[in-house]
Amino acid sequence: MSDAIGCARWAIAAGHAPARSRGVEPAFTSHDRLCLLNAGAVLANVRVRVLYAAGAEVGPYRLSVAPRRMRHVRVNDLIFPEAIRLDEAYGLIVRSDQPVVVQFSRQDTRALMNAGMMTTAWPGID
Amino acid sequence: MSDAIGCARWAIAAGHAPARSRGVEPAFTSHDRLCLLNAGAVLANVRVRVLYAAGAEVGPYRLSVAPRRMRHVRVNDLIFPEAIRLDEAYGLIVRSDQPVVVQFSRQDTRALMNAGMMTTAWPGID
Amino acid sequence: MSDAIGCARWAIAAGHAPARSRGVEPAFTSHDRLCLLNAGAVLANVRVRVLYAAGAEVGPYRLSVAPRRMRHVRVNDLIFPEAIRLDEAYGLIVRSDQPVVVQFSRQDTRALMNAGMMTTAWPGID
Amino acid sequence: MSDAIGCARWAIAAGHAPARSRGVEPAFTSHDRLCLLNAGAVLANVRVRVLYAAGAEVGPYRLSVAPRRMRHVRVNDLIFPEAIRLDEAYGLIVRSDQPVVVQFSRQDTRALMNAGMMTTAWPGID
């Protein structure tokens, strides 16, 4: 376990998955991307809750990240218990039973070009 | 309240809302975006102060974020007590009476394309 | 002083000011931007050191940030004691005698479009 | 050593080096960039491990950063013990025997334009 790095809880406030795309799929499809890194020796069970500006929170979405692996999830692909609403602002709360590192990026191909953004999520330290 | 995550004070130094845009409104309007996440069970009352390179600070701008909700505010839409000056560098100090998570992004459509940026704000830990 | 927020020391590792630009100056000139916020009541005296991959460090570059003000500096405009080398990777060490918040952004207009990036600097906590 | 700043361990979750590029090389070649700053007086010996979604981790890749210097490494240039897989998500664990500051950026020129992203890595504080 000495290789584990990160936190058990993270938050992202800037979610907003563009609904339109230009260019070939899936390489140029607009999407928000949740990036999870599990550097430890134990499988991480992750639950993601989605908060919107209006309406009740949705979730948990359940994911797992194998030991010494990482996993990138296109937020557009979170469909159970309910598809993420496109073109609508949202936030994410990520909880894991093992330390993980969470970053967040966006590919926006609504216009002729491809805009990108990236940030490290906010770690929740109780 | 055990779901609350974040801090009561945040700062953003890199504000600079582009004054011009290309493309259809409002989707492609240039803007800086303040992203507030309230994961807790209590309404968060938020006050935002705006600092410029010259002149007195302006504010507070008052916002609220409902419990278990998030809220994205286009900085261009902060108009009371005074509209944010476009094409001018600024910084933000955010104070909340409940823990919130703050991120900041920019959409810049002054040129033919759409540049994006995103970062997590700086948390003020007294 | 109760309004002060931030740290006295910050580091940026990702500096790399593009040497070429397209579009009208100065709005579309490529540049790295150092963003300094002084939310406190006392003038902040800031010294910036520049580290390169080869050769001795350069500096200090001296700046000040008035109380309750912010200041954005285009790195291309740091010319004393020596102009920043364009198209060359660099890092920055920022020291201030008052708490400040430091973010860093880039506008890259070498190509037909305008790429942007932004991050919060790394705070040095001794 | 009083000038040293940073941490001995860092993690990046959002790695994904684009395989295609447009525009002249090497200025416009798509790449992820690992930015290392060593503000201290002692050479930093750095080992980087690469984690993927599938398969065993790869590494260590060995780098050094001279005292009072910085170093930017294009991830595409990490080829020993094995080239980084392009167009595949990955994460990085960075360990250093001296404090360093780590940031991470991407240049994506797959489309007609040049998208950029930048973030500060996650510091591992044991």
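Labels A, B, C and D are assigned to the chains in the order they are written; within every chain, residues are numbered from 1.
In this text, a residue touches a chain if its C-beta (ideal position, glycine included) is under 8 Å from a C-beta of that chain, and two chains touch if they have at least 3 such contacts.
Labels paired with UniProt names: A, B, C, D = Sensory rhodopsin transducer.
Since we're looking at a predicted model, the values are computed, not measured.
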Do subunit C (Sensory rhodopsin transducer) and subunit D (Sensory rhodopsin transducer), two copies of one chain sequence, contact each other through the same residue numbers, with over half in common, or through different ones? different
Rotational angle, Cα trace of subunit B (Sensory rhodopsin transducer) fitted to subunit C (Sensory rhodopsin transducer), multiple of 5°: 90
Would you mind pulling out the distance in Å between where the CA atoms of subunit A (Sensory rhodopsin transducer) average out and where those of subunit D (Sensory rhodopsin transducer) do? 21
Separation of mean Cα positions, subunit D (Sensory rhodopsin transducer) and subunit B (Sensory rhodopsin transducer) [Å, integer]: 30
Each of the following residues of subunit B (Sensory rhodopsin transducer) touches two or more other chains, namely 104, 112-113, 115-120
Write out the stretch or stretches of subunit B (Sensory rhodopsin transducer) touching subunit C (Sensory rhodopsin transducer) in their complex. 9, 11-16, 51-54, 56-57, 89-91, 93, 104, 106, 108, 110-113, 115-122, 124
In their complex, what parts of subunit C (Sensory rhodopsin transducer) are in touch with subunit B (Sensory rhodopsin transducer)? 3, 5-6, 23, 27-28, 33, 35-39, 68-72, 100-105, 107, 109, 112-120, 123
